[in-house]
Structures are given as structure tokens and as C-alpha cells.
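Please go over the structures that come below.
The two complexes that follow have subunit A in common; it is paired with subunit B in the first and with subunit C in the second.
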Partner chain A sequence: MQTRRSALAPALLGLGGLLVILVVWQLVAVFAFTRPNGSYGAVPPPLAAFERVAADLVDPAYWAGIGATAGAALTGYLIAIAVALALGVLVLLLPRLEAFATQLGVVAACVPVAAISPIVVLLSPPGSRAVSVVLALLAVEFPMIIGVLLGLRATTPGQLDLVHAYGGGTLTAIRKVRIIAAIPALLSALKIGAPAAFLGAMTGEFFAVGVDSGAGRLLISQQYAGDFVGMWAIAILATAVSALGYGVIALAARWLAPWTAHSSTGGLR
Partner chain B sequence: MSARRLPRWAVTLLTTLVTLVVLLAGWQLAITLTDVSPYLTKTPLDVWNYLFVDGAFDPASAAERRAELLPMIGVTLFHAGVGLAFGVSLGLVGAVVMSVSRTVRATFLPIALVLQTVPLIAMAPVVYAVFGSGVVTAAVIAGVVTFFPLLMNVGAGLGAAGGDTVDLVRAYGGGRLRLLFSVQLPSALPYLFAGLKIAAPATVSAATLYEFLFSFEGLGANLLTSKSYSDYGLLWTLVATTIALALAAYGLVVLLERLVLAGRFPPESALARRGDSR
Partner chain C sequence: MTDTGVQLSALTRSFTSRAGTVQAVSDVDLQTPKGSFLSLLGPSGCGKSTILRILAGLDTPTSGEATVHGLSPAELRKEKSLGVAFQDHALLPWRSVEKNVRFPFEVAGVPVDKAWVSELLGLVGLESFADAKPWQLSGGMRQRVSIARALALRPSVLFLDEPFGALDDMTRQRLNLELQRLWMEQEATTVMVTHGIQEAVFLSDYVAVMSPRPGTIKEVIEIDLPRPRTIDLMSTPEFHHYVDRATQLLFH
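Moving on, here comes the complex of A and B:
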């Protein structure tokens, strides 16, 4: 009984916190942001925003938009993985390059989107989603590189000695030990990267020229129309899609590599 | 490994220089080896010429061009600085409150975890609609990207004080505040810097994003206008400047970390390894 109550208490408090936020949101919306004629201002009440989310969900234009953004995000995500793995192979061959690989990741994480986007737009044809792909790539690259490097370090010397003692060479060690030892760190990087890639791709649509579909584009058009309920609905939808990306990879990880399910607390940061 | 090992700061400095050279050379080669238009694309050498060689671009005097650039940098630094101060103070207060009260922590930590995934680009128009154009909007947008890394990292740092040290304070009759100021806050210092390493370049990025979207001043806004005026020399110089600013912000935090933490804590690598095994 005692243990059950202590396990239940945080969940209840968390629920209470959610309630507090919703109530404050409602009060702010009604008392600070409702116009005299009763229409909603910059902060609409939560119910109105969620009603709009429900309405958006049955609108095929929203599915097409979110799909287009997710496609660009996926492209950037896959390129980022390929780059990180290539760097990982380099570090495996030449361990001294590790600091260099980390710094490339730091640079990718530091590059301001407002700086890189104009030149990507300049160099890509109108209507191209290249900005979205590049921003998704940059958002994901640092966690990917760190995940790969942590994965390479995850093998203990004892495990390698065992392979060598049984006559295994470097390749056997990589195939049988190092790849498997690297999987938890890789999976946790893949999880962190999924939401970041979608948000990067969405940000890219604010800079793209000649691109007229996507979650970011929907947001821009609602911004022009002053449709605040619609803007909040898109923000909620984008958060949900990002969370979904994280969840799908977490599920896939549990299915593909069940032994990592408990060691994935590192996913928090 | 060579017998005579270089000190750690020298290795870091060397790697940083190598990384910079590789990136600059890659930029230069990517443009000279492909047949992209030299009118649209500028190389690092062009940026150098823009900043320091008379006559290469318009206006003719390089000093004049630099004089136009400086106020833009100043505005962006102001926006980023105010945002950083705002986000860091809120993050610190939030982390301390969550450390002192378990109820507050359990109530708001889950929400903070969800809120930090709300896309900045989706909230920016709402922030703009509420606060209008000005330094308050810049501070809120730049503060948002600072707040969460600080809250999470400092929160973890306050919880990382060793059990023995906590017991020691208790045994000598120290209260909650004594524990906070003598043990928890000092032991959270490395985590504070870990948070700042994410936050400092992110505020530069957020400040320029704000300027790009909603303002007519600063590096971000001029990135937009120089492109629409086809002033590509200025555009590429602004791109290089903005990226350099973000990297400098990161480097400054690393430098501060080295200076403040020198000799007080076990080396970073030892700390990280201890964290891994848990």
C-alpha cells in the first residue's frame, strides 16, 4: 500500500500541474486576450485550440502539409545519420579524429538558422525544400555524432580482449562486439533526433521560396490571416508529430533491441 | 601517443584551429571547384576582401563597410544578451525552486518536459502578437531557448550533491538554505556550464531569428534585406559574422568554464564517465 501510494503521488501531482496550466491558460485567454466583441486574441482558450486541432485532423490539406514537412525532415535525418556513421568509421580507423568529429557536431549545433537559410535558398532552385532538409540535418547532426562516438566508446577493453583471445581479428571484434555495444547510444540519439528534425524542417519553410505546402507554410498563412486559434492548433499539432516521431523510434527500439529498453534514461537530454 | 603530452587547453585550441581551417577550406573549394555563379556565391576570401580590402565591393571603402556592420552586430548582441540574462535567471530560479520543493517539482517537471518540445518557430508569432516588435519580444524568444537547458541542467546539478556531503551539513545542524548555498549550488557549477554551452549559441540563433522574422535591425534583418537587394557580398559577410558570433559565444562559455572550474572539480572526462556508468 505504502509503495503504491508513493508511486501514484507523482502522477497525481503531474496531473495537477497540467490542470493548473490549463486553468491559467483559460484565465489569461478570457481576461487578457478576448476582444470586447468576444472574439479571441493572441492567446485563445485551450478548448477552442483543441477543437481546432480536432477539425484540422479531418482536413486532408493538413495531412498533406504535415506529410510534406515530415518528408523533408526524414531526408535530413537520414543524411545526418549517414554523415555521423561515416565520421564514426573515420574515428574507428583514426581515433585521434574524435575531437575533430565532436567539434564538427558543435559547429552544426551552433549555426544560426537565420544565417544558413538565406544562402541555401540562394543556391537552390525555387520550390525546393532544400532549406528544410538542411535545417533538419543541422538540428540532428550533433546528437547523432555524440551518439555514434559514445557508442564506439561503449565497448570495454575486456570484451575486445576476449575476441582477440579466441583468435578473432579487428573485423570480428567490430562485427560481433562493437556494433552491438554501440546500439543503445545510437538508439537514444535517434530518439532525440526525430523531433528536432521535424522542427528543423518546419522552420525551413519560413525561409523557402516557392514552397506552398507544409506545416510551417500553414502557420505562415494563418499568421497573415491573424487566425490565432489556427496558429495555436498548428503548434499543438507540430508538438504532437514531434512526440510521435520520438515514440515511434522508442517503440521500434524496444522491438529491435529489447535489452536497451531499461537503459534508455539518457534519452531525457 | 607521444611521450610529451600537450596540455589539454593546447589540444583543444589545436583541434579548434584544425576544424576551422577544414571548414573554411571546404567552403572555398566547394565554390571554386564547382561551376556555381561567382556573382551569387562568395568564398571566405571574398568575405575577407569585403571586410578589409578597399574597392572590392560597394561602398568602396572597406572601413565604411565595417562601420555599417558594427551597429548590426551591436543590436544582435544586445538582443541575445538580454535574452540570455532573462532565460538564465528564470532557469536558475526554476531549478532552485524545484530542488527545494518536491511538490513543485512533481507538479511542473512533466509539463516543462513537454513544453520544451513546442517548436520555437510556432510560438514566435504568438509571442510577437502579444509583445509586439521590440526588445521584449527578442528577450522572450531568446529566453525560451535559454530557459529549458538551464532548468534541466542546473536541476540535475542541484540533485547531484554527494550524499555524504549532505549528511555532513545535516550533522552540523545546517538547514535547507545552508545546504543549498554551501553544497548544492557549488556542486551544480559544472552543470551550469553544460547548460550555458547549449544556451549561449542558441540565444544568438534565436535573436537573429527574431530579427529576421519581425524586426528591421540587427544581423538577422539585414540577412533578409541584403538578399532582397542582391547585395551578395554583404549577405555572405553577414552569414560568416553570425555563425562566428554563435561559435564565439560557445567558445566564451568553454573558456569561462575552464577558468572557473580549474582545480575545483575532477576533470570533465572523469565526471562524464561517472555519469555514464549510472
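Moving on, here comes the complex of A and C:
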């Protein structure tokens, strides 16, 4: 009984929160943003926005646009992962490089997007999505590096002593313990990174030259046309795609590292 | 001498930091016979864990020598017949109980003795938990897994660092009885680090009482009590005599 209640409570709270947001949204849209002639203003009511989402979903052009953005996001995401993992290997072999790895992550997080994006656009040919890829990469790199470094620290001294006492060397410790112990922290970084990558790729489209499709591009054209309902629909779709990325990795984590929730027995103490 | 168990000769370990040099272990001499149970008893910071870590090859002495059965820690490792258990059970959370017990075989590069692993799980009363994960077990059960793992390679040498230190008194008492039974079956030369006086007297053939900073051995008490020792033994005057002697040494 008690366990059921405790499992149900967060779900109910979440649902309640969503309901409050929708009600406030509706009130704001109707009372603050409806024009005298009755048409919707900058904040349309939720129902109109969701109707538009439904309409967008059957429009292949939207699928293509969101797919293009997601593709650039995925490319940046994968490069960021590859860089973070390569740094992780370096730190494993040469622990003194840890400070350098952290600094690289901090730099990636601190790079001013507004300054770097035009430079990337200048460097890439027209029609290239490079700027989206770069912004996705920059958005993901810092959490990824921190995740990798946290993961490498997740091994307890006792676990390493155990390996060494039984005659195992550094490589055995890495292979049998350190890599596996790092998985929970890695997965949680991947989880945080997925929505960040999509947002970065979308932002990139605001700078890209000669790129006509993508969630960000759709947003820009709708802004010019004053299509507020369309903009809100894109915002909702983008949120859904980001949440999907987060959710898929969260599910994978539950399957790949089921001990994560019980880290008190060794993981992250 | 073929019958030597643990031998420490002028063992010294000092740690140097910016604040200066600290002598964790200072000029320690000690010798026990093969197959005996030795406890290093002392307050925290007396260097008892340092001695154990040196014996297990996890630390190196500044000067002096530590051997077991005439073998240096490095040689001992190559024999692949030692076992270790720490206060931090150091179980790998992604492995089942059985696979945790198999871990020493994998690290030492020895084929897994499956029959012995399942027998061990029976010996520590966990045969029905072979496929359970560490986080599904109680604290006492985790330490039992850790003891089973320590015995995996049928060790002739066993190093225990406060293996039950994090447990409540009752569980600890029960596990000490189990440990004695297992130890008597294995006949391994054993070194245990503890700050529990009763525990040290109950389990040991020799109790080396240590003093802190610099860590030295004040006296080695030989515990001449018959085995198997029982809970009843702990209320006899003989037992109390040894406990009182150790207490006196620790506090004076």
C-alpha cells in the first residue's frame, strides 16, 4: 500500500503540474494576448498549438526539417562523445591530464555562441550544417567530459586494492572494474547531453547560410510571417524530440546499468 | 626456517608531506608460526592497516622487510594463494554474488573452480543468493560474500582489515564464529587488523598490541585458549584475563 502510494505520488504531482501550466497558459492566452478582433496573439491558447502540432505531424516537410536538425544534433553529439571518450582514455593512462580535460570542457561551455557561429559559417561552404554540428558539440562537450571524469572516479579505492592484491595490474583494473564502474556517470551525461544537442543544432540554423530546412529555419520563417501558432507548435515539437532523446537513453541506462540506483554499494561513494 | 608464518624485520614506513615526515610504522619486529592467526590490535592511526597493506603488496616499506612463509609480497602474489577482505566490502555492484566470489580467479588468471565457489557460498550460508546482486543483500550478507571471496583461491595466507568493522555487534559476533570455523578448515596463516579487543582475543593465536605515532608493537600476547572457541568461552576468567591484559597495554 505504502509503496504503491510512494510510486504514484510523483506521477500525480507531475500530472498536476502539467495541468497547472496548461490552465495558466490558456488564461494568459485568452486574457492577455487575444487581439480585439478575436484572433490569436503572440501566445495562442494551448489547444490551438496542439492542433497545429497534430497538423504538422502529418506534413512531410516538418518531418524532413526536424529530421535534418536531429541529424546535425546527432553528428555533434557523437563527435562530443568521441572526444570525451578519447580524453577519458588519456586520463586513464596519464591521470595528470585530468585538469587539462576539465579545462577543455570548461572552454567548450564558455565559448560565446554568438561569436563563434559566424566564424564557423565563414569557414564552411554555403548550405552546410557545420554550424549546427559545432553548436551541438559545444553544448554537449562539457557535460560529457565531466561525466567521463566522474565515471573514472567512480571506482572505490577498495575495489582497486582488491584487483592489485590478487596480482592484477593497471590494465586488469581498467578492464574489469574502472570501465564498468564508469558506465552510470557516462549514461547520465549522455542523458543530459541529448536535449542540449538538439537545442544547439536548432540554434545553429539561426546562423547558417543557404540552409532552408530544419526546426530552427521553420521557426525563423514563421517569425517573419507572424505565424505565432506555428512557432509554438515547433517549440512543442522540439521539446518532444529532446524529451524523446532523454527518455531513450534513460531507458537504455536502466537496462545497461541497473545498479546505478543503488550506488551506495560501491558506485559513487 | 620453514615453519615461519609472518615475519616483520625492522619494518618502517614513513609518509612525507609538506607538513613534514610522519612515521606510520616504526621499526617493527614480529614473527608468528605458519598457520597461526595474528591480530594487529590498536587505536586508529597506529599503522596497523599500513602493515597489512605492506604484507599484501599494496604499499612498500620505507625500510625493513615483511615476508609471509619466507616470501616477499610480490612473490606471494605470484603463488596465487592469498585472500583479502576489507572493511569496505568492495563488492562489484554489477556482478552477482557468485560472480563476485569468482572475481579473484579472473584477476589472478586461474581457471574458476566452480564446485568450490558454490561450496563456499554454502559455507557462508548464501547458496540461495548466488544470483542476487550486492544491493539486494544486508550489510552482514555482503561481508559474508567478501569473506567467501577471500577464500576463493583456497589461500594459504589470509589478510583481513576490520572485515566486520562496519557491522552491528550481534552480526559481528556471529560472523566471527563463522570466520573461526572457516579459518580452522583452511589452516591459512592469517593477519587481521582490528580495534576490537574481544574480537582480537576471541579469534587469534597471537595479538600484537600496538601504540600510535610512531606505530610500534608494545607486546605480542599469545592466546592459549582451546579451539573451537565458543560464545561461552567469552565469559570465562581465562578469556577476561587476556582481554584485561590487552586493555592494560592499550591504555598505559
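The definition used in the following text is that the second predicted complex is superposed on the first by the 243 of 269 C-alpha atoms of A that agree within 3 Å, B and C clash if a C-alpha of one lies under 4 Å from a C-alpha of the other, contacts with A are read in each partner's own complex, and residues count from 1 in each chain.
In the analysis below, contacts are C-beta pairs under 8 Å (C-beta built on N, C-alpha and C of every residue); 3 or more make two chains touch, one makes a residue touch a chain.
Not measured: the values here are computed from a predicted model.
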In the superposed arrangement, does A:Ala9 touch subunit B (first), subunit C (second), both or neither? first
For A:Arg35, decide between first (touching subunit B), second (touching subunit C), both and neither. neither
Which of subunit B and subunit C A:Met202 touches, first, second, both or neither: first
Partner chain(s) touched by A:Ser242 [first = subunit B, second = subunit C, both, neither]: first
Could you say whether A:Ala257 touches subunit B, subunit C, both of them, or neither, answering first, second, both or neither? second
Mind working out whether A:Ala99 is in touch with subunit B, subunit C, both or neither, as first, second, both or neither? first
In the overlay, answer first, second, both or neither for which of subunit B and subunit C A:Ile180 touches. second
On subunit A, which partner's contacts cover more residues, subunit B's or subunit C's? B
Tell me which partner A:Trp232 touches in the superposition: subunit B (first), subunit C (second), both or neither. first
Subunit C to subunit A touching residues, read off their complex: 53, 56-58, 77-78, 80, 82, 84, 86, 88-94, 103-104, 106-109, 133-135, 142, 153, 159
Of all residues in subunit B, those that touch subunit A in their complex: 11-12, 15-16, 18-19, 22-23, 36, 40-41, 103, 106-111, 113-114, 117-123, 125-126, 129-130, 152-153, 156, 198, 201, 204-205, 208-209, 211-213, 219-220, 223-224, 227, 232, 235-236, 238-239, 242-243, 245-247, 249-250, 276
So in the complex, the part of subunit A that touches subunit C is made up of which residues? 156-159, 161-168, 172, 176-177, 180-181, 257-259, 262-267
Subunit B touches which residues of subunit A in the complex? 9-10, 13-14, 16-18, 20-21, 33, 41-43, 99-100, 103-104, 106-107, 109-116, 118-119, 121-123, 150, 195, 199, 202-203, 206, 216, 219, 223, 228, 231-232, 234-235, 238-239, 242-243, 268-269
